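By letter and in written order, the chains are A, B, C and D; residue numbering begins at 1 in each of them.
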Amino acid sequence: MPSFDPARLDLANYAHQIFVETRFQDLDPLGHINNVALAGIFENGRVRFNHEMTHSTARPSAGERWLVARVEVNYLAEAHFPAPILIGNAIGQIGNRSWQILSVAFQNDRPVGLCDSTLVYQSSQGKSAISDILRAKLETLRLRTLR
Amino acid sequence: MPSFDPARLDLANYAHQIFVETRFQDLDPLGHINNVALAGIFENGRVRFNHEMTHSTARPSAGERWLVARVEVNYLAEAHFPAPILIGNAIGQIGNRSWQILSVAFQNDRPVGLCDSTLVYQSSQGKSAISDILRAKLETLRLRTLR
Amino acid sequence: MPSFDPARLDLANYAHQIFVETRFQDLDPLGHINNVALAGIFENGRVRFNHEMTHSTARPSAGERWLVARVEVNYLAEAHFPAPILIGNAIGQIGNRSWQILSVAFQNDRPVGLCDSTLVYQSSQGKSAISDILRAKLETLRLRTLR
Amino acid sequence: MPSFDPARLDLANYAHQIFVETRFQDLDPLGHINNVALAGIFENGRVRFNHEMTHSTARPSAGERWLVARVEVNYLAEAHFPAPILIGNAIGQIGNRSWQILSVAFQNDRPVGLCDSTLVYQSSQGKSAISDILRAKLETLRLRTLR
């Protein structure tokens, strides 16, 4: 088992927290939440984080897209149905035209997974630098230990 | 865009190759194969690789399980429906009780993703060392540049 | 558009009600909840109904299974992400060894779908008659207009 | 078990046939293809049928949509991973602005399900009558016993 930065397992370090329900369809023949299903649960938490974040002026304009370039999930314990999963989301590294979303998943107060995603900003002209408005917003949402 | 080992993009280095069909359900509102759906396509290719591998004596016994501990997917280009996706699978690092499956996905002769998965062997007594039979089998399936 | 029994669109007639979250993965290229995804949402509501119902002595014993024999979904309006969907569940016809679960889905107070499922009881000896305990429980949960 | 028109179980009566791969993700805790997953497999076969059908002039124009109004699936036997599923598709009833797609699913030469779907034509002005070109095309693809 690799060791993880303990800060990643402390919910208090995450700017955004949301419960995601588990579904019967998340289960696989081993009777636990399938690993791809957990990636889908992380995605759902991430999308809701993005929705809330972009209620501000950070919202993408027409022709702009945020594409997922990389997703790494570390599975820490088996997750089950039907208890909900609590997702914590925060911003990690911020580059010129990409940024990281760092997430943790808890079920019944026990960490079950970590997810690091990299999003890339794409304007109608292709990959572009992040706007100043978006960058400022992202800064406010960084994992607490990175601020 | 991070740079990748060019050996990972050469299908000839992968011990196992299999086409996986795309499904309408893999599409998301952006009209392309969703990133979680591509993780599911990689999983499907990996499971079929494991099935073929374990037609030999490497098969898990009753009470043994192979658990997914880590999955990293790098998205290289957008994938679409309905063309199939060609998955290449090979073994990467082999540890005491875990091993890596390295995968690549091509669609219409263009690389669309890379996937690195770590599997952990679990006997009925918990995590255990990989059996000699499984280790010998895994060695024969390593990515060509790692042999 | 076929016409439906108005009683099926009145939540007050359903013995069990539960909210099911929508997920980003439920969306398809038309930007709405995919029809198969809504079937999955109905399934999830149905499984939670069964779980609550079987907290009583109606629970299946070892070797028994409840198999889905038929599912009919009528799509009444487009459903969207991220609002939750409210599912109403009740029992319909009760046969010798099968029974119906009748469900309705509302989103933002508007009916979006109806689902009629038929479950078949299977003991370790194959299809069997429903136990008296299960039958009595099912009777208490019938759609109000059928009692 | 309800009885079905034997003509529905004869592949020779279906105008279109296509194999759909099963995926590991189709499996549920009972170890068989989940009922919603089979609905997704039917959808995938139906979409490919529509794609092939509309290579002719029956293709929807900009602003037009084909919406799914009703899906009924009857489950005849358990289906498993990893064998592929053979889907037969044909047109059933043709109305003023809707039509039926009738499908059957076989796995290892054994019927595992029947699916009846109703599609509704929607122009940019809302629900509209089916065009003469589409109607003529649909007629040529009816279930053999309905011609």
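Keep this in mind: contacts are C-beta pairs under 8 Å (C-beta built on N, C-alpha and C of every residue); 3 or more make two chains touch, one makes a residue touch a chain.
Remember, predicted model here, so these are calculated numbers, not experimental data.
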| item | value |
| --- | --- |
| Farthest-lying chain, centroid of Cα atoms versus that of chain A | D |
| Pair with more cross-chain C-beta pairs in contact, given A-B and A-C | A-B |
| Whole-Å gap between the CA centroids of chain A and chain B | 23 |
| Whole-Å gap between the CA centroids of chain A and chain C | 32 |
| Sequence positions of chain C contacting 2 or more other chains | 24-25, 36, 40, 43 |
| Sites on chain D touched by chain C in the complex | 1-2, 30, 35-36, 39-40, 43, 65, 67-75, 78 |
| Residue ranges of chain A in contact with chain D within the complex | 24-25, 27-29, 31, 34, 36 |
| Contact set on chain C toward chain A in their complex | 20-21, 23-25, 40, 43-44, 47-48, 51, 82 |
